[in-house]
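To start, I am sharing the structure in question, which I have written as structure tokens.
Chains: A, B, C, D and E, in written order; residue numbering restarts at 1 for each.
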């Protein structure tokens, strides 16, 4: 695909939507919905300066650490839980229990146990974002093709080798689906974690803007989140293209690209 | 024959028993942490105390009303977002043009926290259930959508070619080939989304509409009724567990042919 | 002569792979009249499956054309049924045997009563009438393959493409199924294109045997089978003409195979690692 | 006689399905000496694959026992290689052909240089030396099957189980592979259990041919092939003794098939729908 | 426009047969007891108003709620209103809500028993938690610290919700916490020390919160506003003089117990706005950068 075509796909719909938004806000705007121009102007003013260093970068660091931990933990636990049936029976209800508890309620508990610091925020990110990776890994591991499984067994491929050569690759398409989900949820949790015991950070700033009715500024913060989301997704897609080359090849070639 | 049979029966019994053991273990750890003073009991009351409050709640009609209100918002929100995500996911997933054209927009919208949309929701729908529905739907929609998109991508080309060669049109293929392939992914998406929807239902009750479990939690928080608050959180978690049990049940019924379920039964 | 049922002109198919191209089919020209029964034989990796997929409209040729009754094929045409070589994966694991066979009919809007009749007939023909409610993964390899055959047969297509459909069944069943194919062909006047590795089978079944060269593939030979139309497993196979024909095909295949390599000629632009 | 390499006693396998039981194998008794080459033939759905999986320790028999060199088999034993009937699904789609063949060796800790030699030899033997870097899904059906064979051969097992390994390859390649199998057998003294549908093949390859009955399966006949050890595709196959033996096997198979049904005898407790 | 709570038409006459239905968004805390009490006492129906008191959990929903017309009036602190108007939202407070109780008060900055912080000036350079930044808490605290001779700009404010604040102080996660009743009283009972009652130390007559509506409603429906003001003021007066009834009603809409309520200091419920104190508050907020300019009290107050 040519670069131009790719850019067209990438920017086509967003541009269309912005034009629609612009047209809709043309005839007088609501206080809570700024015009595209106003937003663009604010965006630059708000995020180009000092905020970039004091709010944006620390948040991104925490997000990064949180996401890496999320993915490593999610895949690790997912493999364990997915391949050991009694462990699955043992842990499933309790995991489901934690999954259903809203982070805003869970956060005070973390504050109690860990304190008001970066570790707490990272833990909040992990506690919310781990589920898609975990669940998808569990399901992916459970669904390994029987014939492949038999093949590995007869060639004496056990333990770590089995993990490396069979389970992980076989589950990787589903794991990647989970990872992609977790990235954006991690971003959301980053915002939520900064709503408590915080005085800086991207999420904190957005919420502060919202509370002080700095509406265009708030939307600009949301736009930053969206852009980070796209960036994360592009990165994960890049990794996916490497890791799942065989998978996409298999699907595409047979589908006759 | 008898040996395999009894083994299978054992496992059937062992599953729930183990799950219960897991929960008991967790309660025990909680109790110890609180009793041993690792955390101040005023901030984290021991499990036993919370359980007493919890069971006390179970005989209050008001509790069930709150649960009912929360579950209503949850069910409506989840239903709408699932149906929308499945339909849109199947459409987008089956067309490479649409997948490419919507990619950037989807990735932009996905990480926007529902919490940040509260002013917009209130503005659009007022302080009513529709606002919290909007938040629930917004948050859980993406969970399902992404899973459906991956599921569609996972359709076996040989199976799809077979369907094509027998003249199955796009709709029939969606129904007979794509849908069953997507189903395992969808089930995962559904399980993710149902928890997210529950979380958002409660969060929305905390912040916008003052009803349901979330409001009760907020009330006990602002009133300093700590063990009441933890009892409500416990209830929330248990609802999550129950929802998951239901999902598992549906999954076992609908995916009996899938290798993940098959391996549980046979081997 | 009227327009052929299938007309393949200068067909070329090059697979694009990450590190280059693989020319699977170089140049195939082939006309098949309506109601013909043709067998295709060729070395493993010659491009038979590729050719079949192009005909079925599942692969777009790199160049050249495929026409069905004068109309260029761009997608899978209706009234064409395909039995895939990967029989296991072409059955839907989420449907029972019966549902698998029934699906194309249901989709084509065949009324229920008729559908049931067709499905039952087909299952009886492949001797699977006792397992209609089993799932494909509960069947043996040969049984799975027979389900795929039953599905194609029940569909009553105008053109039937079969890719090594009897590879996984035992000798006796194979003979029965061969007779079934000829029987259906006689009764329904369907055009059949049949890929096989079994030289005897090709001669026994076909009106014409097409031998393909090694990949990149061209038509190596086109042999008309002048055996009487009425065929019998014992008689026909022991006839002198049969032996002659099969020797001819065998020699051609050996010739084809001799032009190494078997499989792909990978004109890879870059060969990584 | 010494303890047999493989000893199967009163083997019975019943599959549990949602709505009842399917008795696939009823009662099989079979001893295989070390270094024997045995072929198993039987109707489609007889339970050959089931038997093989029990021997390989992949399925737990419902009753009866399998012993390998006197030791009961409970899981897949080392030094045993299996070529599965579902060859397409037994290759790792995320690995190249070379990596697929190499994996068991790597896992067994064979040093790199030796590994490379074994892999290359195996790929040459199945005539796939030109596509080591292709992925399995870029290969034709027959090529995939040959990769699976190469993997088993390169592994140098003591016991080699093969489930219709040549079903998807052309006649010429098949003949070559048959000779390859006998060659390896001679050279390495490996014990081979070979399932096939091709009666000629079974007689040509084996020292003993086991014929299975229809499902629920018992051993229908056990035929010692008294052909000279040195076999040749043209000579052996045209010998008189060969014809006699193949006729014997053919008759037994027909006998087996005659006891309908082909496939499962489903003693289903309840028959839903 | 989409709420059921909007009054019927513009020209409705109060205290006639048909009562006007209105919705008021309030936080379910002690501070809003007067309106619950007033509804119960019938002060609002006397004025021809059929009030639905709609609990909300904070400014996040109440301001958009008023702007969108879901609420006719809502309860909120004055700095929030000033900030909103600073951004051009056009809010108008119509009556007072609650005011500082003096010394002791219902809100204070506390430290752990063993803390070395003794006076407001010592807070300089320390970490202090407030529920929301850029709001009434940090504005008043900073003024108090500055007045005590400390440099308030060196304080590191962080956000911790009131229910979690005591734990944060006890576990040394913050040096001091701004905290309201009932958490204040239980914290003190457990040994925490009060450094400043920041509302009353800021100004002994500070009004903390009030009931607001939009300018549009204020100008477009003067009768409705008048009726609300009359009833609300009556409620404030009544509540101020009947603390026991206040406590009683609080137990109906919160989870507080009578014991908790007996232990805590109730806010004062003044009818008259203390313009002087509010001017000071606005100036402080502007000085600390919470507002871009001093607020125009004539727009903010009736």
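Everything that follows uses one rule, which is that a contact is a pair of C-beta atoms (placed from the backbone, for glycine too) under 8 Å apart; a residue touches a chain by one contact, two chains touch by 3 or more.
Everything quoted here is computed from the prediction, not taken from an experiment.
Minimum number of contact steps separating subunit C from subunit E: 2. Comparing the centres of all chains, each the average of its CA atoms, the largest separation from subunit C belongs to E.
The chain pair with more C-beta contacts between its two chains, of A-B and A-E, is A-B. Averaged Cα coordinates give subunit D a centre that lies 83 Å from the centre of subunit E. Rounded to whole angstrom, the centroid-to-centroid distance between subunit A and subunit D, based on C-alpha atoms, equals 48 Å.
Our note on geometry: subunit B versus subunit E, Cα centroid distance of 37 Å, whole angstroms. We define each chain's centre as the mean of its Cα atoms; on that basis subunit C and subunit D are separated by 26 Å. Residue positions of subunit E touching 2 or more other chains, listed in rising order: 60, 64, 67, 161, 163, 167, 171. Residues of subunit D in contact with at least two other chains: 15, 86, 89, 138. The set of subunit A residues that touch two or more partner chains comprises 32, 112, 145, 195, 210, 215, 249-250, 253-254.
Put simply, subunit A touches subunit D in their complex at residues 145, 147-148, 150-151, 153-157, 161, 165-166, 169-170, 172, 246-247, 249-250, 253-254. Interface of subunit B with subunit A (complex): residues 11, 14-23, 25-26, 39-40, 43-44, 100-105, 107-116, 118-120, 123, 139, 142-143, 146-147, 150, 153-154, 157-158, 160-161, 184-185, 187-188, 191-192, 195, 198-200, 202-203, 206, 214, 217, 229, 233, 236-241, 243-244, 258-260, 262-264.
Listed in rising order, the residues of subunit A touching subunit B in the complex are 9-14, 17, 30, 32-33, 85-86, 89-94, 96-105, 109, 112-113, 131-132, 135-136, 139, 142-146, 173-174, 176-177, 180-181, 183-185, 187-188, 191-192, 195, 203, 206-207, 210, 215, 218, 221-222, 225-230, 232-234, 250-251, 254-255. Of all residues in subunit B, only 156, 158-159, 161-162, 164-169, 172, 176-177, 180, 183, 257-258, 262 touch subunit C in the complex they form.
Partner subunit E is touched in their complex by these residues of subunit B: 40, 42-43, 118-119, 122-128, 206-208, 210, 215, 218-225, 228.
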